[in-house]
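Below you'll find a set of structures to go through.
Both complexes shown next keep chain A, but they swap its partner, so chain B is in the first and chain C is in the second.
Showing the complex of A and B:
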């Protein structure tokens, strides 16, 4: 029987998200090095092209998952009283959700 | 040679303090333990654990100039003066350099450090191929001195929930043993948020192990076995 809470899943999420973020950053830097955008519009159109905006969305999803697991680990290490821990985790979740909403707004609703 | 040694006698002292000692080295003094025993002649109230005095029993693990090690296999002439000697960090002090290792051994016992095999025993013994035996190299040599666990920040923060590098190295020793039949239970037991996964790969354990073992590599192997197992 498998346990509901496993440490393996969180650990895998962190490793896989790290690899994706690394690849995406290399891709981004390579693009800017080889084919730098000449104007803001140029850059904006590139960012909003379906392939790039999907890759960027996955990047931010990976970033938030990575940040959640990492911060949760730090909080579990240092914040031991359960009530305070739950509160800090809730604040972290709220903060990350807020930033995620902002990212969605910029990437997917800023087309107008 | 100058020494500064952590002293604490709970029956007498309110607070621990560092006491300075000065010792003339004899030509025969090679290891730190030789000199500590010479200091004990000066002040017989100084308390230390020791037994085999050759790096096999693991009882004289102490913190030497900030780094955990075995006094009996640490060449004394290479140490920077004054040599600061303290008990193993994060373990409760019983007296002077002697610490309480109850929690350490509780974590060790929690990984079931013995072969589990319910199959009928063969006439003589459970045999192992030389290749399978080789898998235990780098694991069976652990003497449970506690140097690694005492120097591990993850163990400092959660000593009651995180098994610690020594216990996990032992866990790997039984997980890879071809004669053991409880591999799955062992992996499941470690797969929660605390027991194995508090390890942040800080690698102090591997850095300080006086036997040159690599608990961090054992932990990594357990993680990879869990990944394979979950696919």
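Showing the complex of A and C:
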């Protein structure tokens, strides 16, 4: 029962995150086609404007959730010994968490 | 039960299994997903360089001008395009669009060819 519930949740996470990422990528492409940044300041001011950095942060949250569910499925398909499976999953989780911290630093700190 | 499982016949020679077009779409969806996951730190490194400072932005632009990086960008576009198209195909099937076999086979072709077409377009723009 519990397995079925988490399976459904993973399925839903994968789809909701996919739809948001699709929309964000279309938004990004449209911006680059219609009004491509011409200089560093131009690009920085656009990227770090509140609206865009919030939308980008949600994008990265969706990306990490999507990568977690996808890679978890792949790992569970191919890595069978339970100890190694748990270790690989832990490494994946740790890696994604570290990268998430890096993104927060890039988008919200140190670029005053 | 365990014994019965062990005696089940298995034939997993991927080079000899007859693959319907949807199988290729599906396998490539998985492979491109893994590649994209591996690419996450590199993409974020590029984002970091682009925002850090005027100098790092300039060195990034200079770096991306090399043909090797342009070739990698084209490969990245194929990987991303295939994954997005195959994912969109799944999303449409979830709402019962194209879930019957003839349409599913056709959309699998569209995805496989579409990814390559997008990559070729990108090659035309980058190279």
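In this text, the second predicted complex is superposed on the first by the 107 of 112 C-alpha atoms of A that agree within 3 Å, B and C clash if a C-alpha of one lies under 4 Å from a C-alpha of the other, contacts with A are read in each partner's own complex, and residues count from 1 in each chain.
The working rule: a contact is a pair of C-beta atoms (placed from the backbone, for glycine too) under 8 Å apart; a residue touches a chain by one contact, two chains touch by 3 or more.
All of these numbers come straight from a predicted model, not from anything done at the bench.
Within the superposed three-chain model, A:22 lies in touch with chain C and out of touch with chain B [touch as defined at top]. When the shared chain is aligned, chain B comes close enough to touch A:12, but chain C does not.
Residue contacts after overlaying the shared chain place A:48 against chain C, while chain B stays out of touching range. In the superposed model, C is the one of chain B and chain C that contacts more residues of chain A. Of the two partner chains, neither chain B nor chain C is touched by A:32.
Of the two partner chains placed by the overlay, only chain C lies in contact with A:99; chain B stays clear of it. Legend: residue contacts after superposition of the two complexes on their common chain; A:108 is shown touching neither chain B nor chain C. By the touch criterion stated above, A:67 is placed in contact with chain C alone, chain B being left untouched. Looking at the complex, you find that chain A touches chain C at residues 15, 18-19, 22, 25, 40, 43-44, 47-48, 63, 67, 70-71, 74, 99, 102-103, 106, 111.
For chain B in complex with chain A, the touching residues are 154, 157-158, 188, 191-198, 200, 223, 226-227, 230. Residues of chain A that touch chain B in their complex: 2-3, 5-8, 10-12, 73, 76-78. Note for the complex: chain C touches chain A at residues 30, 33-34, 36-37, 40-41, 44, 47-48, 50-54, 57-58, 84, 87-88, 91, 94.
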